[in-house]
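Going by the order they are written in, the chains are A, B, C, D, E and F; count residues from 1 in each one.
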Amino acid sequence: MEYGARNQIQGIVAEVKKGGIMCEVIVELPGGGVMTSVMTIDSLEDMNLTVGDKVKVVVKAVNVLLVKE
Amino acid sequence: MEYGARNQIQGIVAEVKKGGIMCEVIVELPGGGVMTSVMTIDSLEDMNLTVGDKVKVVVKAVNVLLVKE
Amino acid sequence: MEYGARNQIQGIVAEVKKGGIMCEVIVELPGGGVMTSVMTIDSLEDMNLTVGDKVKVVVKAVNVLLVKE
Amino acid sequence: MEYGARNQIQGIVAEVKKGGIMCEVIVELPGGGVMTSVMTIDSLEDMNLTVGDKVKVVVKAVNVLLVKE
Amino acid sequence: MEYGARNQIQGIVAEVKKGGIMCEVIVELPGGGVMTSVMTIDSLEDMNLTVGDKVKVVVKAVNVLLVKE
Amino acid sequence: MEYGARNQIQGIVAEVKKGGIMCEVIVELPGGGVMTSVMTIDSLEDMNLTVGDKVKVVVKAVNVLLVKE
């Protein structure tokens, strides 16, 4: 499988927080960091996503902001 | 400094590729991975960004897609 | 501090509306207009953001849509 | 006409810079500020957009990042 | 009216699901498919959007991800 | 395979236009419409994407704008 996105990282779902229609999914990365995704609860349920699942974190490069502090 | 975004990672600019008005900036992360950002060359020049610079990579959680392969 | 984004405007937080996991932050601009941001409540709390705070509103140019009415 | 986006600002196209397939459109706002949009040259041509045109600048709130410096 | 976005599809609002501050709007397309938008409830109310309304679905090409399975 | 995005449509790559670092990929949908994606040429090459390839078009609902004309 190939994605048209520069950023692709493997991780494990560590936590899911649900709101009214949106949810926040926290993914632990192998190196110890985390990446967080916000999606609809409908998508979460369609994916049947739960804590412990292996996922690929995909981010298009246009959505990545660099800051020089 | 505080950002209204869930995903914030420190890295070092490893490469800059320029097109006509856009550029692609590859950032090396401490763990050995990379993150890539696409921005305008105007922003690159305003930031005076060059290879070797320390940057923060910022991504809002709504722009993170999870895939279960 | 330098941001890899074309659009950067100073403003003052005027109102925060909280939902289940997301919140809506309304920022008043010096010229009298407003800009609104949606983020997670987790990010709001990490920033310790409250009404009256001075913030920078940052938008990448790829996320700006122009319409000719 | 009504848009499903929190941020809507009237402006005048001040400059268009073209790359290979993308272009950068700088819009002057009434208050003196500017907003910049990046789009495909195909979209620019379909809109028949030129310097001096009146446009509405539309940004969804999820794409607005707040920073507390 | 002209939009600076490659993807523009006509449809009819089929369902609105409301959360705390965000809502999910499901739009039926002529060909039988659906497109879903997430926006703030504030925007929904400003648009006075209800089931049965004719809408244009607009997506900038930079926000479209292609996957080769 | 499951994606954390509401909008997923099958299509066939009809055309690829290349700029300096970005490219524009036009995808024909079964119903006769088209969807266009902009990505880096690096991603295009990593995917080995060419005209005639079957792809899935994926769009997160937060990136879908509705307009009531």
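Throughout what follows, a residue touches a chain if its C-beta (ideal position, glycine included) is under 8 Å from a C-beta of that chain, and two chains touch if they have at least 3 such contacts.
No experiment lies behind these values; they were computed from the predicted model shown.
Counting steps between touching chains, the shortest path from subunit A to subunit E takes 1.
Using mean Cα coordinates as chain centres, the one most removed from subunit D is A. In terms of their C-alpha centroids, the spacing between subunit A and subunit B amounts to 17 Å.
Inter-chain centre distance (subunit A to subunit F, centres taken as mean C-alpha positions): 20 Å. For the pair subunit B and subunit E, the distance between C-alpha centroids works out to 29 Å.
Looking at subunit E, residues 1-6, 19-20, 22, 24-25, 36-40, 42, 47-49, 58, 60-63, 65-69 sit in touch with two or more other chains. Here subunit F touches subunit A in the complex through residues 1-6, 25, 37-40, 42-44, 46-49, 60-62, going by the rule given at the top. Within the complex formed with subunit F, the subunit D residues making contact are 1-5, 19-22, 40, 42, 58, 60, 62.
Contacts from subunit D toward subunit C in the complex involve residues 1, 3, 5-7, 9, 13, 24-25, 27, 29-33, 35-39, 47-49, 53-69. Residues of subunit B that touch subunit F in their complex: 17-20, 22-24, 36, 38, 62-63, 65-69.
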